[in-house]
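Alright, structures below, take your time with them.
Shared between the two complexes below is chain A, which pairs with chain B and chain C, respectively.
Coming up: the complex of A and B.
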């Protein structure tokens, strides 16, 4: 029989043994377990998401015909504006392609747009992520950029059978090469400054010392296209404050992200087209 | 199925219900940039009521399920919940476990400790740790308030399910009346 003192310490010994044993478990087993646990719970979360959609549907059904007519009129106006924009876009695209050919520039990466509903939101002080209702079944790939009407949303971190996890642009793990509007000098954006009860924020490093911005006179921040994940010129947010960095060589700044980021119900995944995945195979 | 396995199953079922409800709450709280984390409630009922191995297994499996959906090293929250279970189990004989207030206090303290430990493991990634702590304290405050509101219900649900699978809560409480 073990002495009483050991009996009292037994739970702690068990904890230590479990911790050491867990460290020794092969990575492939851990990965398999992780995938299994995620996929086991995914149907429940997806069902809850479909129930949300059903709630929204029935809520919309309660609107009167007059409301629908008014909404239809507004939508028609918006559509007319979009049709004009599409025509202009086609002209600009044709011009762009012609100039690319003239200058013999390499082709820009192409993307397929995959719209997906948001299934879960997980916005903590530790990490910020969304789970969307599309995965391998729609050809999503890890690292694919995710956007919305307001600009960059994040990037796909994990792809599962019917779902995918998106790491938000407000998450501390996200770093993006960015540029300010009207400036070509690249700067570094990082998410992760997310106060409670307010819109998410990010920070920028390596700002040139001549850059000025304030809440009253913010500067727009865009993706630079460097780094290969995000295409260029996607809006990230507004640079609303700058201050000298510790070494005095650069400035750092605070970035106000779109307040709608935290209430997104639908996002668009930019799935790289096969030709864009392997640009090295293209003839020089 | 043997009695300990049924108890593990009942505990996992309660944890799964809590976790699913929590995910819904966090979906709703997302626009306010608040997030609830109730790790303490996932370990306290089993740590205060069940055999060590039963509770430890349930805590570890629950932690693995949490880890699968979080961007942390797989096993982080599993070992954290296991540690929470061990500490609660170690002190439970000194507690009046029949008292609702004691159960609630233990759960709140366990949640506080687990939240802070998890925060320390994740805070390095934040670009401004000082401001990140303010956010984390807001999350912690919201979590503790919700925890105080739902702990009694969760303990009751856990107890009912244990009774349904044939557990003798009188024996689990060390012979004290329940």
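Coming up: the complex of A and C.
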């Protein structure tokens, strides 16, 4: 018969045995379990997201017919403008391709646009990420850039069967080769150490010492296109402060990001086309 | 053979009663050893604790020193002559790869064992292979990302691992902008591979004022301040730089930044544990504003073209050096990050290491006649209006025939003013001989009075101190006890013979003459509030000074430098007082000289030009070759004074 004291300690022993067993489980199994958990949880989150969309739909249904008609007219006007822009863009693209061919230049990276609804938002001091309602079922790939009407949103960090996790541009894990408006020198943009509910900010390094910017006179920051991941000229944010770096070689600066990042409902994933120049595979 | 165990009740052990005297001995032995152990422990704790603590710290802590960036060097108008530029590299933190190295090591060991390989390498060798394999994988990734084919230097890797583990290992250096941009975007933020920016010297104007600015070389890292803790710790230094020549060397202490760094605790294997125990940010060095004027310097160097020589321009009032050019030169960018052997050999072969402005020793030729005039006038051997000689092209002095090499050789009777303008040798032989009659040392004494026998003390390393103002004592000392002859005086009077001076010395001399004083202290540091220098007066009467300065102006109008009066070189509104010289060195190339100051009525700038001829023995006159260079410098100076000049604001090609 076991001593009474052992009976009392049984839960702790069990916990300890479980912990040891978990430690002994191979890493592959652990990763499989984690992914399975995510995949199993995904339908629940997706359902909640659809319900939320339905709520929005019924909320919009409360608008009067006159409002809807007015909105429709405005949308038609905007669409007409877009249609014109698309035609111009097609012409410019054709001209661009012709010049590329003429000059024997390598083809520029091409992308397929995949629009996706935002399913979940997860903002913390460690990371800032979104979960979107598309995954491998739409051919999304890890590392693909994600954009919205306001500019860069982030990069796809994980891709699951029906969902994908996007690391936001405000997250410290995202780094982009950027340029300032009117300047061709590449600089390094990185997400900042952002509080969960505070305004999103980023930081830039390797700023040339002659760069000036302030909150009163901010400079626009764009993707450089040199990094091989993001296409050029996508807005990132506004450079609102600069200060000399410790080594005196460069300046560092603070970047104010679009406040709309925290309330995005829809994003576009730029899925690299197979013919495009693919970035190097992940480092070992 | 085992003893049979007596039958005992279950659960009871055999026990012995009483004391065995043999066992008692062991009691004492164990007690004694324990006592010894305790005493040893007490000794270590009470008397050796500080030593052990020091050893523990020494073994477990490492200090990393990072040199501060060097200060910048500017010209007088704030244009950058020497600065720092980032040099991007992709580095690998071996320190973060401990686990990967170990995993690779296990894989390699297991592979050898599985193959039952008889030639099993030692553990050290396998660890080395494991490290190289892991690092090669990272290098392959970088090569793929950049489209390069860099290879791994295994020896360098091994050396780095053993000696500089805590410092980043450079996989590829000198990345182009698009390359580092690519890596910034493609490397995960937490990867041990990172883009690394080091500071290297940058000379935006490339070869401009190369000898003056100087260059730097890499060193093993600067020493930290005395109050930087951890002097006794094992210290790893990031490479720094130190001045090797020119201003970079002269003001090295001022330009050097303040060393920063950190002290880390390390694991027994030498890997870093975060966060650092102590951290200090490096501080950039102090900037240096030189007196050089990029516009004038560029003009002087362009005019020198590929000839050998030097041009110096001084602010007459302050002694600030506006131009200090020496040719042939070299491209300072070639020294970054280090000079290749081929480039070093090329510089050496061209004789370009020599700063001819401060270390080139030449006979001053006829430019010395200004000093001869002053000496003769002050000693009473001459008056301005004396027609002391009738130049017929040659004269016999001390049994030797001396010729007049200037003009057509028949100047006839000349006053001092005309003699200076026409640079008549016969006149100055006679002037020198007249001083010789008073005292053979008159000329030398006047030269010493003008400080021509010693270095100027300009803030540059390597200024020669071997200039020669000969006198009887010097000749006796240096020429095998030989006596001083009248011919020596005659030669000296026209700046030939033993006289050897530097272009900078002559620039200071003509600046002093312009100010009416005997000394000008040159400086390469710009001070916008620098006062006018004041030294001993030359001591000439107004008539005497008028004769000399008038002769110098006539020289540029109708005399040996009359080319300056031609439309190509004339500078409207600027009166120039100058003196040409053509120094001859037997068996060697002539040296074309021109010294001058301007404006004549209010002297502000002094220029000295010395250019070596092309062919030994071939005449290379100062009027035709040196004075146009000075004229171009003066033209730019005048244009800047009149605000009619677009200054160079960015580096040339």
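In this text, the second predicted complex is superposed on the first by the 246 of 284 C-alpha atoms of A that agree within 3 Å, B and C clash if a C-alpha of one lies under 4 Å from a C-alpha of the other, contacts with A are read in each partner's own complex, and residues count from 1 in each chain.
Please note the rule applied: a contact is a pair of C-beta atoms (placed from the backbone, for glycine too) under 8 Å apart; a residue touches a chain by one contact, two chains touch by 3 or more.
Only a predicted model underlies this, so the values are computations on that prediction, with no experimental measurement involved.
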| item | value |
| --- | --- |
| Touched partner set for A:190, first chain B, second chain C, both or neither | both |
| If touched residues of chain A are counted for chain B and for chain C, the larger one | B |
| Chain B versus chain C as contact partner of A:227, first or second or both or neither | second |
| Partner chain in contact with A:26 - chain B first, chain C second, else both or neither | neither |
| Which superposed partner A:182 touches (first chain B, second chain C, both, neither) | neither |
| Chain B versus chain C as contact partner of A:249, first or second or both or neither | second |
| First (chain B), second (chain C), both or neither touched by A:18 | first |
| Which superposed partner A:173 touches (first chain B, second chain C, both, neither) | both |
| Common interface residues of chain A - those touching chain B in one complex and chain C in the other | 172-173, 190 |
| Residue numbers on chain A that touch chain B, as the complex places them | 8, 10-12, 14-15, 18-19, 22, 30-31, 33-38, 40-41, 44-45, 48, 52, 120-127, 129, 131, 157, 165, 167, 171-173, 190-200, 202-203, 262-263 |
| Interfacial residue positions of chain C with respect to chain A in the complex | 66, 68-69, 84-86, 100, 134, 137-138, 141, 144-145, 177-178, 180-182, 184-191, 193, 195, 197, 199, 257, 260, 281-282, 284 |
| Chain C-touching residues of chain A, taken from the complex the two chains share | 172-177, 185-186, 188, 190, 206, 224, 226-230, 246-250, 279-284 |
| Contact set on chain B toward chain A in their complex | 20, 23-24, 26-27, 29-35, 37, 52, 56, 60, 64-65, 67-71, 74-75, 78-79, 82-83, 86, 89-90, 118-119, 122, 125-128, 131-132, 134-136, 138-139 |
